[in-house]
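Order of writing sets the labels: A, B, C, D, E, F and G. Residues in every chain begin at 1.
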Amino acid sequence: MESLMIVLVGILVTVATYLILSRSVIRVIVGTAILSHAVHLLLLTVGGLKKGSVPLLGQAAAPFTDALPQALILTAIVISFAVTAFLLVLAYRMYLMNGTDDLEELGGSSDE
Amino acid sequence: MIVTLSIVLPFIAAALIPFIYRYFKNIHLGWFVLVVPVVLFSFLATYIPRVANGEVFVKTFEWIPSFGINITTYLDGLSMIFSLLITGVGSLVILYSIFYLSTKESLHHFYCYLLLFMGAMLGVVLSDNLMVLYVFWELTSVSSFLLIAFWHHRKASRAGARKAMTITVSGGVAMLAGFLMLYVASGTFSIREIVANLEVVQSSVYFVPAMCLVLLGAFTKSAQFPFHIWLPDAMEAPTPVSAYLHSATMVKAGIYLVARTTPIFGGHEVWFWAVSGVGLLTLFWGSFNAVKQFDLKALLAYSTISQLGLIMCLFGLGSAALHSGYSTESVIYTQATFAALFHLINHSTFKGALFMMVGIVDHEVGTRDIRRLGGLMSLMPFTFTIAVIGSASMAGLPPFNGFLSKEMFFTATLKITELDLFSLNSIGVLFPIIAWVASIFTFIYCVIIVMRTFFGKIQPDRLEKPPHEAPFGMLISPYILVAFVVGIFIFPNVLGHYILSPAMASIYPMFPSVEDMTPHIAAWHGHINPELIMTAGVIIIGVLLYRVLKKWRPIYQLIPPSFTLNALYERVITSGEDVSGRVTNRYMNGNLTYYFVYIYVFFVALLAGYMIYADAFSWDPSKDSVIEPYELVLVFVMIMAAVAIIFAKQRITVVLLNGVLGYSVAFFFVVFRAPDLALTQLVVESVTTALFLLSFKYLPKLKNEYLPKSWRFAKVTISIAVGATVTLIGLAVMNYDRFEPISKYFEDSYNLAGGQNIVNTILGDFRAFDTMLEVVVLFIAGLGIYTLIKLKAKKGDADVESK
Amino acid sequence: MLGQFIINLFIATLWFLLKDDPMADFTTFMSGFLVGTLILYAMHRFFGTQFYLRRVLKIIKLILLFIQELLLSSISVLKQVLDPQLKITPGIFIYETKLRGDYQVTALALLLTLTPGSVVMEVSEDNSTFYIHAMDIEESKETVIRSIGKFERAILEVTQ
Amino acid sequence: MNVNQLIELMAALLILVGAIVSVISAFGMIRLPDVYTRSHAATKSATLSVLLCLFGGFVYFWIHDGYVSIRLILGIIFVFITAPVSGHLVCRAAYRSRVPLAEGSGDDALNEILFGEENIQVKEEVEATLKEIKE
Amino acid sequence: MKVNDVILKSVVRGVVFIVFTLGMYLFFAGHNAPGGGFIGGLVLGSGIVLLYLTYDIETVHKGMPFDFKKVAAFGVLLATGSAIASLFFNVPFLTQADGYYNLPLLGEKHLSTVTIFEAGVALTVVGTLVTIILNISEDE
Amino acid sequence: MNNIIVLPLIVPIITATLLVFLNNNIKLQRIVSLITMIFVACISVVLLQLIQTEGILRLDFSGWMPPFGILFVADSFSVLLVLTASIVTAVCLIYAFSTIGERHEKMYFYPFVLFLIAGVNGSFLTGDIFNLFVCFEVMLLASYVLIALGGGKMQLRESIKYVLINVVASWMFLVALAYLYGTLKTLNMAHIAQRVAEAGQDPLLTVVSLTFLVVFGLKAGLLLFFWLPGSYSVPPTAVQALFAALLTKVGMYALFRTFMLMFPLQPEITHTIIGVMAGATIIAGCMGAFAGRDVRTIATYNVIISVGFILVALAVGTEDAMAGAVYYLVHDMLGKALLFLLIGTMILVTGEVVVKNMNGLIRIYPLFGWIFFIMMCALVGIPPLSGFIGKVLIGQGAIETESYVLLALAFGSSIIVMYSLLRIFLASFFGETSINEEDKMPIPRGAMASFIILAIFIIGLGVGAEGLAVYVNDAAYTLSNPSVYIDAILNTNK
Amino acid sequence: MIDLILKAALVLFMLAIALSLYRVIKGPSLPDRAIALDTIGVNLISAIAIVSIVLNTKAFLEAILILGILAFIGTIAFSKYIERGVIVERKSAD
C-alpha cells in the first residue's frame, strides 16, 4: 500500500504541476491545492500505513500508528487552508484591478 | 604616537571644516587648511635625520584584534619619502588653490575632500597592517572620486569620476584578495612580519596569485597600461587636484605599494617582468599618446602616465637584485630602484610645477587648448619660466633634476641587458631601445608644451579672457617647485643621503649595506657614456621630429577611434550593460509560468540528478501493507479525478473535482487510522470549496488555453518529471528504516500530558507551540483578507507613495 | 410540540455529554431522556400546549410513514433505473395544499420529496402551491395525489 | 453461530444491500436523462443506501460492542432530514438557472409561472446561457 | 415568482443545533477522542456559515452581533495568553497546568489550561472562518 | 529554563493582536509597535550576554525534553540576527510613521509588521525543523499581506506571483519534511544532526538535504530568486526595506543551519552545489544590477548579489568564512534596509523611478545624498564601513579553501555593486538640479531620522567591528563545530 | 465472512463514487455536478461507517456526522451559487 500511495502522490504532483504551469490563475491555485493533498498523503505515508491502530489510548490497543505525522499534517492542513483562502481573495482582487487572470498577460517586469 | 596623529590630524581638520566654513566666511578657507600640511611637513621633517640613521617608528593601536586588524603606523625611509611628498606638495597645492579657487565655489566640500585624501594617503604610506593600508587605499579612491566630481554639474566630471572610481576600486578589490592570500599564507597582516618570515610566504601556493593581485591594485592606481585610461578623464578635476592627486601623490600609491612589497615579491621572475614590462609599455604608450593631445592638461595626464611607467619600470628592474640575494654583483641592480625613488621625487617637483602652470594659463586665458593658445611668453613671462624649467626637466635636459634621474634610468636599462637572468640577455635589449624611443616622444611633447603655449602668434579672439600674468600668490607654489627642480640638480646627493638611502634600506631590508646601494649622483661622470649619447640622440631626433610633426601626426589617425583602449572600455561597459539587460529581461520576463519552469527544472535536475548520480534509489515493496480492493478503486477514483481536472473546461468542475480529491484524501485518513485528520480535512475541504465558489463571483470563466505543441510537450515532460522525482525519492525514503520514530514517546500521552488522544496531546501539549503559531497564521490570513477586501484601494485614491 | 421534543432531546444529549464518561452509552442517554421527559412533563403547562408524549405516537406514525415512503420511492427509482427500456416521461405538475404553517409545509414537502418519483421544486410564496417534478408524470401524479391527503392528515395530527 | 453473530451478519448484509442500492442509484445518475430525474436517484436511493449502512453499523456496534452510538443515530436523523431538502434545493436551483427538462418530458407547470413574462424577451439570452452551461 | 426558502429555513432551524452541539462536543472531547479546538472551531464555524447560507448577513448579524475578526483576535490572545501565563509561574513557556478539581454541581472534573489554550484555538478558527466568508460575500 | 528566549517571538505576536483592538488609535499603535521592537532588541542584547556566560541557551516548550518537544535555541548566530532584525524593523517603523500614510496605517500595517518580525525571529530561534516551517509561514503570511497592502494594481499583480511561488516553495518544504521524517524519524535539528552523523549521511540523506537546499534556496533567493525583483518593487517603501533586510536572510539562515549543523558531512557534494548556485546567483544579480536603469531594479538585484555573496561563505564553509557570513548578514540587513529606504524616498520626492530622470538631489538634500554615498560605500565593502570585515573574512575563507572562482565572483561582484550604485549616485544625486528650492518636497523628519540611525549603525559596525567580534566568533565557532550545538541540546540535562 | 461482506460493500461504495465522479466530470449542468458531489459525500459516509466496523473503532463516527453536515451545507451553497450566483446574501430577499 505504501508504494501505491507514493505513486498516487507522484501522480497528484504531476497533475498539480501541470496545472501550476497554466496561464490561468484559477488553475494554478487549484494546482497548489492538489499539491497540498499530495504532500499530506506523503507525510502520512512516510509515517507508515496500517502499522498500528488508531492513536487513541482509550479505544484501541498498542501498537499505535505513528501519531506525529498526523499532528504535522493537521498543522499543514490548517496552514494550507489559510494560505489558499488568502490566495483566492488576492486572486480575485488582482483580477478586478488588472482585468485579467492570465499570467502571461500579467507578465512584464515591474519597471513599467 | 605622533606619526599616528599625523594620519588623524587631516581627518580631524576635515571634520572641523564645516564649522570653520560657517564662522569665517570672509577668509578663504584654504588658509586654515594650509596649516595642516605645513605643520605635518615640518614635523615629519624633524624626523629625517633619525630615519636617515635607520631608526623606524612603530606604534600599534588595536582596531579589530580578533581578526588581526590593527592600526600599526610605521615610519621608515620609504614612508618618509612619500609622507614628505604628500605633505610638502600638499602644502604647495593648497597654497596655490587659495588663489585658484574663488570663494564662490563650495570650498568646504573641496577642502574637506582634500583633507580626507591627505589623511588617507598618509594612512596608506604609514600603515604596516595590510588591511589598514587597504582601508586608506580605498579612501584615497573615494576622495579622489569626490574631487574629480567636484564640478559634478558637468557631465564630463561625473563620467571621469565614475571611470576613475570603477577602475581604481576594482584594482583595490584585487589587491584586497592579494592581501588576504598573503594573510592566509603568513598568518599576519603586518608587512614587517611578512617580510620577516618570507620563506613561509614564498613557498606557499598563494605566492604568485597574491603577487599578481597586488600588482593589479598597484597598476590600476598608478595608471599603468592598460588601466591608465582613467587618468586623462580625471583631469576634469580642478587643477590643484590634478597636480596633487593625479600627478604627485595618489597615483604614486601604486608605486609605493610596489616598492613596499618588493621585499616580498621582488626577485621572482613574474614580478620582474610584470613590473618592468608594464612600466616600460606604459612609459612608451603614455609618451606616444601625449604628443597627440591638444588639451594641455590631457597632455600632462599622458605625460604623467608615461613618467609613472618609467618609475614602475625602474622598480621592476631594481627587483632583479633580490633574485640571487645579496652580493656585490646584485647590488648594482639596486641602483635602478634608487633611480626610481629619485625620479619619483623629481617627477613630483617638475610635474607639480607644470600642472600649476597649466592651471594658471587656464585660469588667466580660459582655455587649455594648444590650438587656441600661443604667444603668451611676453604676456606671462613668469608663467613661461615655470613652463620652460618644468618641461626641460621632464625632457631630461640639464641643468634640471630630470636630467639626473633620466640618465640613471638609461643606465639601469643598459645594465639590465647584461644580467644573465630571466632570459634578459636576449630580449633585455628592448629595455634601452623602448626607453630611448619613449624619451624622444617625451622630448617632443615637452617642446610642444612650451612652444605651442608661449611662442608663435597670439590669438586673442580665440581666448576666453584677455591674457595677463597670474597674481603673485598663484606663482608662489610653482616657483618653490621650480626651485627644487633646480636645487636638486645642484645638490642631488643631499637628497640621496637623507631621503633616498633610508628608503633603499626599506626596500632591501635584507641587504646589509645601505652605503653600497647609494650611488653618487653626478651630472657629469667625467667621460661620455652611452647614456649621454642616448640623451644627445633624444634631443637631435626630438627636435627633428617636432619640426615635421605635421607630417607624421596622421599616424595617430591610423588607430581608428573605436580601437582605442578608451573605446574598448566604453564598449565593454555598454555592450556588457546591453547583454546583461537583454539576458536579464529575457529570463526575468515577469511571466510566472516561466519562473515555475525554472524552479521545477532545477528541482528535478538537482534531486533526480543526484539520485541517479549517487545511486540512492532503492525500493522494497515487501514491507508494504496489503492493498485492499476498495483502496485500489479509490486510488483509481483519485487519479481519474486528478486527470479530469486537467481537461476540465469549466472552473466549477475543476473545483468540484478538487473537492472529490479532498474527500478522497479524507477517506484515506480514515483508512489509515487518522480520525482527527479525517475530521479536519473534511471540514477544511468543504470550506475551501465554498471559498472557491464565493470568489468565483469575482473571477473570470476559464478560457481555453492555446498552447503550441512544443510548449505543451514541455509542460507534460516537466510535470511528469516532477511527479516522478517525488515518487522516486519517496519510494527510497520508504525503504529507509534505520531509526526509530521519536513518536513512541508520545504514546505515553495519558501519563505525560493527561490525554488519550495522542494526536491531540501532540497538538495541544507536546507541540503546542506549533499549534499556537498555526493559530496566528490563520489569524493573519483572516485579517489579511479583511484588509484586502475592506480596505482596498479605491479608484482615484492616490497613494502617497505610489508613483 | 416539536419544541418540547427537541428540548427533551437536548436535555438528554446534554446529560449524556456532561457525563463525559468513557463508559457512557445509550442507557446514559436514555436516562437523560427520561430526566428530560420528567422535566418537561412538570413544565408542559407553561408551554400552553399538551404534553408532547401524547403526540409521540402520532409522530412515530409519521416517521414510519416517512420510512415507508422512502423505501417505496427508492425501489421505484431503482426499478426505473434498471429498466432496460427506460420508458419515462418526466414533467412538472402543481399541487395545492391545505397546509400553511412553515413546519407543516416543510414536513409535507419533505415527505413528498421522499415519495416515489416526485421532488418538490418550488413552494409558492404563500406556502399554498407545490410545484412537483415527477419522474414519470403519468404514474407519479396519481400516486402523489393519492398519498398526499394521507400525509396532510398525518402532519396535521402531529402539529395541531 | 450464536444469535449475536447472526445479527451481526444481518447487519453486514444490510450494509451490503445498502451498497448495492448505492451502486444502482449511482448507475441511475449516469443513465437518467436530465438533472431532475437524476436528482430522484440521488435524493432517494442514495439516501436509502446510507441509512441502511448507518443502521447496519449501529446494529453492529450495539451487538458487537454493546455500544449504542448516538453519533450514528444523529447521523441517520441528519441525513434523513436533509437529503430531501438537498434534492429540493438542487432541483429548484437547476430549474431557476434554466437547465432544461429532458427531451420528451411532459407538462411543465412551472415554466409559465417562473419565466412567463421574460420568456419571449430573453429567449435568446437563455439560449446563450444554455450554451455556456452545456459548452 | 420569488424564492420561497421555507423548507430550507425550517430544516436548518433544527439542524443547526445539532451542528453546534457537535462542535461543542468535539471541542471538549478532543483530549481523549478525536476533536479538539481546531475541529471544534471548524464545526462551530460551519454552523454559523450554515446560518449565513440559509438566512442573510443582516439577519444573522442581529442574532450574533460579534465582530468576528475581534473574536479571532481574542482567540489568539487567549491561546498566547495561556501560554505566556507560564512565564509568571517560572515554568517553561507553554507549560500546561492540569489537575482534578471538585466543582459544584459538576462533580470532580479534570481541568487543564490546555482547555483555555484550545478555547483560544477554537475562537480563532471560528472568528477567522466567519470573517473570511463574510468578507468575501460582502465584497462588491 | 530560559523563558526569555521566546520573548522575541511572543511579544510581537501579542502586541500585534492587541493592536487589532486599537485600530483607530494610530498614535498608540505607532508607540506600541516601536516600543515592542526596542524591547525585543534589548532582550536580544541580554540574551547575547547570557550566551557568552552560559553557552547556548535553550527553552523546551512545556518542559518537554528534546527531541520530543519543540524548543527554542539561542546561540550567538541566531540572536545576532534577531537583534539586527529587531533594530532594522524598529528603524523601518520610524520611517513608516512619517511616510506610509494613515490609510495604510489603518490597514493593520503595524500588526502585520509585528507578525512578520515574530515569524522572522521564530525562524531564527527555533530548534525544531517543523516549527521552522510554521515560523516561515507566519512570516510569509504577514509578508503576503504586507506586499499587497494598499491593493494597488501593480502590487496585486506582483503579490500574486510572490504568493504562488512561495506556496510552491512551502509545498517543497513539506515534501522535504516528509522525506526527513521518513528517513530520520525526528524533527529536532540537533537530533537530526546526531542521527545524520550516526548514519554517516548516506546518499539518500544527502538527497533529503538537497530537497531542503531547493526550499531554502527559494526562500533565500539563492539562484531561485525569480520571485524577488517583482515583489520587492511594489510594496510601500518601509515594507520593501523590511523585505530586503529580512526575507532572504531567513532563507540564508536556514541554509546555514541545514548544511553546517544538520547535513554537514558531504560537503564535496552539498557545498559544491551551493557554491555553484552562489556563483550563478552573483552573476545573475550582477547582470541585473549592471543593466538596471530603474532604481528599484538596481536595488533588488543588489539584494540578489548579496545573497550569492553570503552563500559563498557557506560554500566555503570555514570558520573564518562563517564569521564573515555573520558579519555580512548583519551588515546586509542594515545596508539593504537603508538602500531601500533611500531609494523609496528618492522616488517619493521626485516621483520618478528611472535613474536618469532624477538629477542633482544632493544640492537640495545634502545629508540625504551623503547618507546614500556612505551606504553605497558600505555595500561595496569599502572600509571602514560595515561591509568590509565580512567581505574580508569571507574572502579569507575562500582563499583558505582555494575556491578562487568563488573568490573572484564574490569580490568582482562588489565592483558591479559599486558601478550600479554609482550610476544612481552620479546621475541622480550629482548633476544639475531639476527641482527648485521652493518646490522641493521636504523629506519627513522621521524618514531622515531612520536614515541617520541606520547610517550610524553601518559606520559603527565597520569601525567598531571588534565590539561584535566576541559574538561573531562564538557564532562562527558554533556553526563550524556542530557538536557544540548538539551537545547543548541533547547531552545536557537542565 | 462479515469482513468479506463489508469489504465487498466497500468496493461497491467506491464503485458508486467512481460512477458519481463520472457525473461530476461530465456534468453537463452545474446542478448535475452538485448532486454528484453530494452523492459522493453520502457514499463516503457509508464507507466510513463500514471502515469503522472493519477497523473496529469508534474514532470515525464523528466524521460520519460531520460529513453529513458538510454535504448538506455544500449542497445548499451550490444550489445558491447556481440559482443566484451569490452564496451568502447581504440582505434578506424580502
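We take it that a contact is a pair of C-beta atoms (placed from the backbone, for glycine too) under 8 Å apart; a residue touches a chain by one contact, two chains touch by 3 or more.
Here the structure is a predicted model, which means the values were calculated and not measured.
Seen from the Cα centre of subunit A, the chain whose own Cα centre is farthest off is B. Comparing the chain pairs B-E and A-E, the larger number of C-beta pairs in contact belongs to B-E. Distances between chain centres, each the mean of the C-alpha atoms, put B farthest from subunit G.
Closest to the middle of the protein, by Cα centroid, lies chain F. Centre-to-centre, using mean CA coordinates, subunit E is 25 Å away from subunit G.
The distance from the centre of subunit D to the centre of subunit E, each centre being the mean of the chain's C-alpha atoms, comes to 31 Å.
Each chain gets one centre point, the mean of its Cα atoms, and the points for subunit F and subunit G are 47 Å apart. Put simply, the C-alpha centre of subunit B and that of subunit C have 88 angstrom between them. Taken residue by residue, subunit G touches two or more other chains at 10, 13, 15, 17, 27, 30, 34, 36, 52, 55, 57-60, 62-63, 65-66, 69-70, 72-73, 76-78, 80, 83, 86-88, whereas all remaining positions touch fewer.
Within subunit E, residues 1-3, 7-8, 11, 14-15, 18, 22, 26, 32-35, 38, 43, 46, 49, 69, 73, 76, 80, 83, 93-94, 96, 128, 132-133, 135-138 each touch two or more of the remaining chains. Those residues of subunit C in touch with two or more other chains are numbered 13, 22, 109-110, 120, 122. Considering their complex, residues 69-70, 73, 76-77, 80-81, 83-84, 86-87, 90-96 of subunit E touch subunit F. Of all residues in subunit E, those touching subunit D in their complex are 1, 3, 7-8, 11, 14-15, 18, 22. Against subunit E, in their complex, subunit D makes its touches with residues 74, 77-78, 81-82, 85, 88-89, 92, 96, 113-114.
Those residues of subunit A that touch subunit G in the complex are listed here as 53-54, 56, 59-60.
The touching residues of subunit D, counted against subunit G in their complex, run 8-9, 12-13, 15-16, 18-20, 22-23, 25-27, 29-30, 35, 38-39, 42, 46-47, 49-50, 53-54, 56-57, 60-61, 64-65, 67, 69, 71-72, 74-75, 78-79, 82-83, 85-87, 89-94, 96-97, 99, 133-135.
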